[in-house]
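Got a structure for you, written out below as structure tokens; questions coming shortly.
Chain naming follows the written order as A, B and C, and within any one chain the residues start at number 1.
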Amino acid sequence: MMRMVTGNYAVAYGALLSRVDLIAAYPITPQTFIVEHASEFVNDGLLDAEFMRVESEHSAMSACVAASATGVRAFTATASQGLALMHEVLFIAGAGHLPIVMPVVNRTVASPIGIWAEHNDTMPQRDTGWMQVYCEDNQEVLDMVIQAYKIAENKKVLLPIMVNLDAFILSHTVEPVNFPEQSKVDKFLPRYKPEHVHLSPDDPMTVGSFAPPEYIQEVRYQTEESMLNAKKVIQEVNDEFAKMFGRNYHGMVEEYRTEGADAILVTIGTVTSTAREVIDEYRAKGKKVGLVKLRFFRPFPIEQFIDIAKRTKAIGVYDRSISFGSGGPSFIEVKSAIYGHTSIPMINFLAGLGGRDVMSDDIELMLDKTLEAAKTGKVEKDVVWIGTRGVTP
Amino acid sequence: MYEVRFHGRGGQGAVMAAQSLADAAFIEGNYAVAFPYFGAERRGAPVLAFARVDANKIYRKTQIYKPDYVIVLDDKLIDLINVAEGLSKDGMAILNSTKKPEEIQLENEVRTATVDATTIALDVLGVPITNSVMLGAFAKATGLVKIESIEKGIMDIFGARIGERIAKKNAKAARTAYERTAIGTCKGGRIFKKEKKWLPTYKELPLGLATRAMKTDAGLVGPGSFVENKTGSWRTFKPIIDKEKCIECLFCWFYCPEGCISRTSNGLKIDYDYCKGCGICANECPANAIEMVR
Amino acid sequence: MSLKIKDLPEENLFTKGHTACPGCGGAIMAKIAMKVFGKNTCAYFPANCLLVFGGTYPLNAFKVPYLHVLFENSAVCAAGIKRALNKLGKEDVNVVAFAGDGGTADIGIQALSGAAERNEDIIYICYDNEAYMNTGIQRSGSTPFGAWTTTTPVGSKIAGKERFKKDVPRIMIAHDVPYVATASISYPLDLLKKLEKVKNMKGFRYLQIFAPCPTGWRLDPSKTVEIGKLAVESGMWTLYEFENGKMTINKKPKMIPVREYLKPQGRFRHLTDEQIDILQELVKKKWERDLAMAESTH
């Protein structure tokens, strides 16, 4: 069934279709509609879930961690400062192997206080043991909430995951979304029955004990191994979903017109959609450019980028956040991934920070600079700020 | 460089002793560091502290596994754990003991110094805390630091933490120990049972440490497994129940923080493997049926 | 029939071998509470002494399901467990949070207030030893006036804590939850009555148990229980319960001079007569306030 819905509705409906057992959430712009829609689903009896309308995001994540450790499918959603407030709790879910799904409406983190799209809320969470996937449209948002549970609850993974969507650009935009049938989703995503952790008086477990150094390094390795296992599971789940529902997102990354490309632009989030159009225009003009949509940031698609880098002459990487003093997080990761495999030039493009619109012109500039680097084999500047007053790109 | 390992119990001030020794060595123009064992400390539980001294800046940041000297603050620890573990053959054990060095048996035959530190502490300080006392013994036994420097180190470290008045007493306690320390060689050949530790691989380790009660080669783990940890050695005073006087009111059974008093068909029974000797049972007994004895 | 000491089971669900300091009031609290709550219980622990002396991986003293997440979220984590158990059809399981006074009065009060306002179906126990003992005796909101701690040292300019103890039970009463009570490890029958009551009730239940810490209070470990009695007799700690909108005083204090209570404790050794007078006056006011509330709700 096709319906015109916002990204926030797609998120809430994804949770409904996933038959989540427990929702704990706190409202924050621009995520509020997710909490509101979920409240309606529960109050109308459409979704049989415990709903904890907690007093903060810190408590929302705490409740999800406790509920997931008890053995149920837990759900929350947040944005920006809310995610920042959750920060210390996120580690517990990662190390504790608790497959919580959390959509994050990517919003700028103060200061200054703003409510528009920026990835500086989720990027600082990359070392918490959570998987991260970034979406391009509302259909992908809905589909990824369902896939997220399937990936997270896989016995080889058992890690929490953030499903990211850009503030307003998706969260508050209506577009047609195909709603899968509940019976098909039930078949795709069976009930969650954890064996590794639960809190049950008939089978007591100690969970979260104070631990000396003799044990913690092994716990770190467990999380790392799960993260590495997830790479394969993400592809398997993607393929199974594609087969069942007819929509293929190609797993960790999606390549768009990369065949024979001299210059490849890597994008994350909604900028990908606008970039597709610009790529088409350039290709129509005979310019050999291609696009790579970076979907999963954790685990990071290292192997895919090694392969891609070997097939092109220059790579430009777009970021909607910055690690001050270094560069955009995606750029740092891609560069690190391909090190030693190729020596092609790479450029980082920063644009759209604080929610500023990223226009076709901006993307053209990115492609032109990457093409130039492909031709000359070198770059003038590693990190290029686009549209920043007083800064030459 | 020489490395020193202190054995004590939580609350006995092993760390302050290590710091005072480092301070004394520093006063004499050396470079010195002192640090605790990195773990949670509870009053009465066995703990470690370390000191390193060298003429030059010390770069090594590891804990000490092969000490040149071990200092044991608590006389009971000698029989409980292998205090000489890793001790250099040319090293020395400095022990709180009423025995002569020749009467002591450790893992290997090594130079040994003994001093009745508990008695000195009780006489000079009024409490059985032997950290400062043992530093006097160290100065005498090794000759590595002058007793005057030790006294100064104690004044610096103890003074800052607990005040000048008590620091002075501690300095005096150290001086007393300096004068009473016996030096000799202990007997070797003592065999200590190596404590088994459960060290599974990351794959064997429960995911995220969510752990059920289970039996491993090193004993129980998970819910309820703390029974593996016998805490009776923490005790200084021991409660004895006089069955004639006991009225079985169960106050001791109720209040015992360890839960080591049990109701049996033969009256109340104390499990001394766990009793830490807090004395609440004796203090609360309305029939005065419990006595605390040394 | 109210619960008697002899009715308690022999088995300890909080086992011996734990590493609490000798004479620990918190250990007495945990042992007795678990005897009353029984096996059909899930327990939550924030970062506190009990977390550490109750278990260092892989060993643990608790035989029941045990969860620790963080420091400031005890109430919501317990609520999360309870809601999840409800969803799994295990509505009869007791869920209890064992938090300390710092984790309750200070860093945990937001989550506590939220859970109380939502009337989450949990038991929240604050075992009150009047400072952050786990980190080495730092002052908390629950530390009494005048007390020495490592962050309220006895200096030449300022000596001890300058403010009075935060009255958390009163804050909880303001939430109008089904049950709020104060208790003490030193009053076994009163304690057992309250533990049994919270076990058998529904909704949010708050119980603050006075649990002296000989290490932090600079007290002879054998005096842990004795000092708890002096606290109640002097009016430093009042035993009462708030139920169905009514507050009942369970033990009328003799109002012995606070000096008697302060004397055995090293943490109060430095107090001047003037400071003791201030404390005496504060205690009198607190007692009058508690009494007025008890009278006005009946």
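Just so it is clear, contacts are C-beta pairs under 8 Å (C-beta built on N, C-alpha and C of every residue); 3 or more make two chains touch, one makes a residue touch a chain.
Please read these numbers as outputs of a predicted model, since none were measured by experiment.
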{"item": "Chain ID, smallest distance between chain and overall C-alpha centroids", "value": "C"}
{"item": "Chain of greatest Cα-centre distance to subunit B", "value": "A"}
{"item": "Centroid distance [mean C-alpha coordinates] between subunit B and subunit A, Å", "value": "52"}
{"item": "Whole-Å gap separating subunit B and subunit C, where each centre is the average of the chain's CA atoms", "value": "31"}
{"item": "For subunit A paired with subunit C, centre-to-centre distance based on mean C-alpha positions, whole Å", "value": "43"}
{"item": "Residues of subunit C whose C-beta touches two or more other chains", "value": "52, 55-58, 60, 62-66"}
{"item": "For subunit A, residues contacting two or more additional chains", "value": "69, 204-212, 215"}
{"item": "Subunit B, residues touching no fewer than two other chains", "value": "40, 209, 211, 213, 222-223"}
{"item": "For the subunit A and subunit C complex, residues of the former touching the latter", "value": "21-22, 24, 49-50, 52-56, 58-59, 62-72, 74, 88-89, 92, 199-201, 204-212, 215"}
{"item": "Parts of subunit B lying in touch with subunit A, wherever the complex brings them together", "value": "38-40, 197, 199-202, 205-213, 222-223"}
{"item": "Complex interface listing, subunit C residues touching subunit A", "value": "39-42, 44-45, 51-52, 55-58, 60, 62-70, 72-73, 76-81, 83-88, 90, 93, 110-111, 113-114, 117-118"}
{"item": "Complex contacts: residues of subunit A adjacent to subunit B", "value": "69, 95-98, 158, 196-197, 203-215, 218-219, 221-222, 225"}
{"item": "Subunit C residues within the subunit B interface of the complex", "value": "5-6, 8, 10, 12-25, 27-28, 31-32, 52-66, 185, 188, 214-215, 220-226"}
